[in-house]
Amino acid sequence: MAIETVPPPASHEALSQQRRARERLKVFGLVFPGLFWLTFFFALPLVVIFIYSFLTPGPRGDVVWIFTFDNYARLFTESLFVNAYIRSIWLGILTTVICLIIGYPLAVFIAQAPPRWRTILLFMVLIPFWTNFLVRTYAWMIILQNNGLINWIVTSLGFPRLSLMNTQTAVLIGLVYGELPFMVLPLYASIDRFDFTLMQAASDLGASKFRAFTRVMLPLTMPGIAAGSVLVFIPTVGQFVVSDLLGGAKVDMLGNLLQRLFTRANPPNWPLGSALALMFMLVLMILIVFYFRSTTEDDR
Amino acid sequence: MNDGIAIELDDIVKSFGDVNAVDHVSMQIRDGEFFSMLGPSGCGKTTTLRMIAGFEFPTSGRLKIHGKEMGNTPPYRRPVNTVFQSYALFPHMTVAQNVAFGLEMKRVPKEQIKERVQKALELVRLPTFGDRYPRQMSGGQQQRVALARALVNEPEVLLLDEPLGALDQKLRKEMQFELKRIQEELGITFIFVTHDQEEALTMSDRIAVMNAGRVLQIGTPTEIYERPNCRFVADFIGESNFIEGTVRASNGQYATIETSDGLEMQGYTEQPVSVGSSVVLSLRPEKARLSTVNGNNSQKHEANTFPAKVERVSYIGSDTRIIVRLASGRTIDVWEQNTRSTLDRDAYWQPGEAAILSCSVENALILTS
Amino acid sequence: MIDLSQTSSQTAQKSSTRKPFSLGKTTLTVVSVLTYMFLYIPIIILVLYSFTTDAFGARLTGFTLSWYEQLWRDQRLMGATLNTLYVAFVSMIVSTIIGTMTALALERFRFRGRAVYDAFLYLPVVIPEIVMALSLLAFFSFAFNLIRQLTGIQLRNGLATVIISHIAFSISFVVIVVRASLRGFDQRMEEAAYDLGANSWQTFWRITFPLILPGIIGGGLLAFTISLDDFIISFFTTGPGTSLLPVEVYSQVKRAVTPKINAISTLMLAVSMTLVVLSQVVQRPRT
C-alpha cells in the first residue's frame, strides 16, 4: 500500500480566516453595485445641493462660489416661503387624514372579504395606478373643469355652473386620489394580521363597539396607520403637479416654489432652491420622527 | 487504512460567542454502525451533527471522515448526507426531482438517474409517488422522500437529526422499524439524533449520551442502561432511586456505603472507589423487590434488606408502582410487574402495609459523583 | 409594496377561524363601493373620452376611433410613449438585479456597517421625491460641467440620466420587497442542497432563486410601476431633446389637450394590466 502523504493540518485560525475571506468577497460582490449606485446617484447629489445652498446665485442662473448664509436667512424671513411651508404641511395633514378616513373602512372591507376575493379587491385598488400620475391628474381636469363632466351634468339639470377648478378643494381631491393606495396597502397588511375574535372578546367583556374599536383594534393596527400616513404625507407635501394643474398656480405649495426656483424663475436661483429643498427635507424628517415616536408610544 | 472508523471526532469544541455548544467532544463511529446521540434539549446534538455535515466548522479540534481530515471541506464535498428534522424537501420540485437532485449535481447520466431514483423510491416504499409535489403528501410520506433523497447518493454516512420528531406515535414506531431495515439492508453508517430514549435504546448499536455539550458515556444500549457511569446518565435513561452516602469499605468490585440517613448498603462498582469518598447509589425501581414480613423468602438473606412501610400504590396495568418509606424516613420507588391476572384487591399491596425491601448487590450501582 | 400572492396565501389559512364581524357590515360595503367608484370614475372617464368626437376632449359628443389613428401618426407622442416604456423597462431590470443582490447581502450575511447601510437604504423611500429630483438635476449639471472642463466633452441630460435616476429611486423599494420574501424562506432548503452536493452557485440558481422568484417579480413590478408612474424625477432629469410621456402630457395640458392623450393613456393602461395579469398567472403554480 502506498504511503499517503498527509498535509499537516492547517490551524483553526488559518482555516476560519480563509472562510471569512471567502465570505467577505461574496458580501463585497453583493453589496458593491447597490452601494455604488446609491452613493453616486443618491448621496452625492444631496451633497451637491448641500454645498449649493451656501453659495451665491449668479446673474445668469449659475452659481458663484462665494460662501453665504443668505439663502437660509431668506427662508425664515420672507413670508412667501413661510406661507408655502405652512400651506404644504397643512394640505399634507388634511390629505393624510382624509385618506385614513376613506382608506380604513376599505381596508377592513377587503380584509373581511372571502379569501379568493381579497387579492382581486386589492388589485382593484392598484389598477388606476397603472397609468401615469400626470394622466390621472389630467382625468380630474376633465371632470372638474368649467365645461367638464360635473358642470355638464349640473347645467343640463338646469343649475348654474360651478367653479371647481383652481380651488383648494380641487387640489385636495387630486391629492387624495393620487395617494389613497399608499394608505390602503399598509393598512390592509396590518388589519389582515388583526385577529377579529379580539373584538368579540372585547364585547364579551362589556365594551361597546366603539370602545372595542378605539381600545383594541385601533392600537393593534397602529403600525399600519403609521406606515400609511408617512407614505401619503411625504409625497403629498412635495407635490407640484396637482396644485399646478388643479389649483391653477393659485395654491402655491413648496413644490411649486421649488420648481420655479430651479427651472422657471428668470434667472433660476439654484442656491436658494437648494436651501429650500434641504430645509424642507429636514422639517419632514423631524415631523416623521416625532410622529413615529408618538404612535409607537400609543402602542405600549 | 481507516481501521473501520467512519467518523472520528477528536477533542472538538464549538463555541457561539461565550457559550460552548460542543465542549471537548471525542468519539469514533464505526463503519456500518447505527450510532445514536441522545441528550436533553440544547445539549449540542444538532451542532455536532452539523459539524459532521459541514454546515458549521469546529472552533478547535479535528474531524475526520474515513480518516480524511475535513478542515474547510464544504458540505457538498463530504461523503455524508443529511435527513433534516423538518425534511427540507424542495417545494418547487416533484418527489422524483427532489430525489434526483443529488445525482444531477454529481452529473450522473440521465438514464441512470431515472433508474436509481426509482430504486430509491422503492426502497422507501413509495414507488408510485414520483410525480407528486411534497405538499401533496403526508408527514410520514415526506419523511420517506427525505430519506430516499439522501440515500440515493449512496453516502458513506447518513446523518439523521430527529427524523421522526414530527410523526405521531404509531407512524414513529413504523418508521423506526423501516429505518432499521434499510440500515441493515444497505449497511450504511447511521448517525441518529434523538431525545427519545426508547427510540435510541431499541434502534442503536451504540449510544452517546450528551449533556451540556459534553459526551458523558458511549456504549451499547445494555451498557448505557445497566451500567451508567454517572448519575446523569442513570437519571436520563430510565428511572432510578438515588441514595447518597460515604464509602465505608471497598474491595474493588463491591463496596459498602453508609447512607446519609444512617443505613448500611452494599453495591457494585465499575471503577474502584476509595474509602471515605462520597458516592451515590443508584437503584432501578424495577430491580428493587418487596416481600411480606412473615413470608420466608430467600430474598431476606440478600445483603440489602430493610423494613419498610407501603405508602402509595398505583396500578398502571403492566406494572404496579409502589412508594415505600424506610424506617429512616427515606422513600424508595419500587415497580412490580403484574404477572398474575386477578381482580382480588388483596393480591396487591395496600397502603400502610408493612414490608421488606431488598435488592441484590449487583443491582445497587455505586456511582462516583 | 405588498406581495399580493404572499398575503393571500397567508390569509387563506386564517380565514377558517375568522368569524364574520358585524361592525355595520352594510355601512362598510356601501362606503367601500363608493370608494371604488371614486377610484374608477376618473379612469373610466379617461377611457371613454378617448373615443369622443369633441376636439378638446371635454364632452362626449359622439364615438370615433380617429384619435387612435392620429396617435399612430403622431411621431412625437409615440416617441414619448416608447421612451417612457423603455425607461421603465431598463430601470426595472437594473434595479431588480441590484436590489436583489443587496437584499441577499443584508438578509444572509453579517458584516461591518450592515446596520448603517440598512438605515441608509430607507432614505430614498422617505425623502420627498422632489428633493431627490432637484438634487439629481443639480448633480448632473455639476458633473457635466466638470467633465466639460476636464475633457471638453459636453454631456446633456437625456434618457440615460432619467434611467439612472429611476434606478436610484427604485432600488430601495425592490430591496424591501425581496427581503420580505427572503425572510419567509426556509434556509434549511439551501443547506439541504449543499448537503446533496450542490455548490453555492448551483444552490442559488436551483433552489433559492426559484423559491424567492415571486418576491423578485413583485419587486420588479413595483420598480416598473414606480418608473411608469413617475413624473417629478422624469421632469427634472430629462433633457430638451428627449420627450417622455408624462412630460409631454404636462406641456400639452398647459396649452391645449386633444383626446390623443386619452387614447395613449388607455393603451398604456391596457398594456400594464395585461402585464400584471400575466405575472400573476406565471407566479400562481409556484406558490
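Chains: A, B and C, in written order; residue numbering restarts at 1 for each.
Here is the rule we use: contacts are C-beta pairs under 8 Å (C-beta built on N, C-alpha and C of every residue); 3 or more make two chains touch, one makes a residue touch a chain.
If you're wondering where the values come from, they're calculated on a predicted model, not measured in any experiment.
> Classify the inter-chain contact topology: is it line, ring, star, complete, or other?
The chain contacts form a complete graph, every chain touching every other.
> Quick check: more C-beta contact pairs at A-B or at B-C?
B-C
> Using the average of all C-alpha atoms in each chain as its centre, how far is it in Å between subunit A and subunit C?
Taking the average C-alpha coordinate of subunit A and of subunit C, the gap between them is 15 Å.
> Roughly how far is subunit A from subunit B, centre to centre by C-alpha average, rounded to an integer in Å?
Those two chain centres are 59 Å apart.
> Can you compute the centre-to-centre distance for subunit B and subunit C, using the mean CA position of each chain? Integer Å is fine.
Roughly 57 Å separates the two chain centres.
> Give the residues of subunit A touching no fewer than two other chains, as numbers and ranges.
none
> In the complex formed with subunit B, which residues of subunit C make contact?
Against subunit B, subunit C makes touches at 186, 188-189, 191-199, 202, 206-207, 210-211, 286.
> Quick check on the complex: what are the subunit A residues that touch subunit C?
So the residues of subunit A touching subunit C come out as 23-24, 26-27, 29-31, 33-35, 37-38, 41-46, 48-49, 52, 102-103, 105-106, 108-112, 114-115, 118-119, 122-125, 127-136, 138-143, 145, 147-149, 152, 177, 180, 182, 185-186, 188-189, 192, 195-197, 199-200, 209, 213, 230-231, 234-235, 237-241, 245, 254-255, 258-259, 262-263, 270, 273-274, 277-278, 280-281, 284-285, 288.
> Within their complex, state which residues of subunit B touch subunit A.
Residue list for subunit B touching subunit A: 1, 57-60, 62, 69, 71-72.
> Flag every residue of subunit C that touches subunit A in the complex, lowest number first.
Per the touch definition, subunit C meets subunit A at residues 1-2, 4-5, 7-8, 11-12, 15, 17-21, 23, 27-29, 31-32, 35-36, 38-43, 45-46, 49, 57-59, 84, 97-99, 101-102, 104-105, 109, 111, 117, 120-121, 123-124, 126-132, 134-139, 142, 164-165, 167-168, 171, 175, 200, 225, 228-232, 236, 245-246, 249-250, 253, 257, 261, 265, 268-269, 272-273, 276.
> Give the list of subunit A residues in touch with subunit B in this complex.
Of all residues in subunit A, those touching subunit B are 1, 4, 6, 9-10, 12, 15-16, 18-19.
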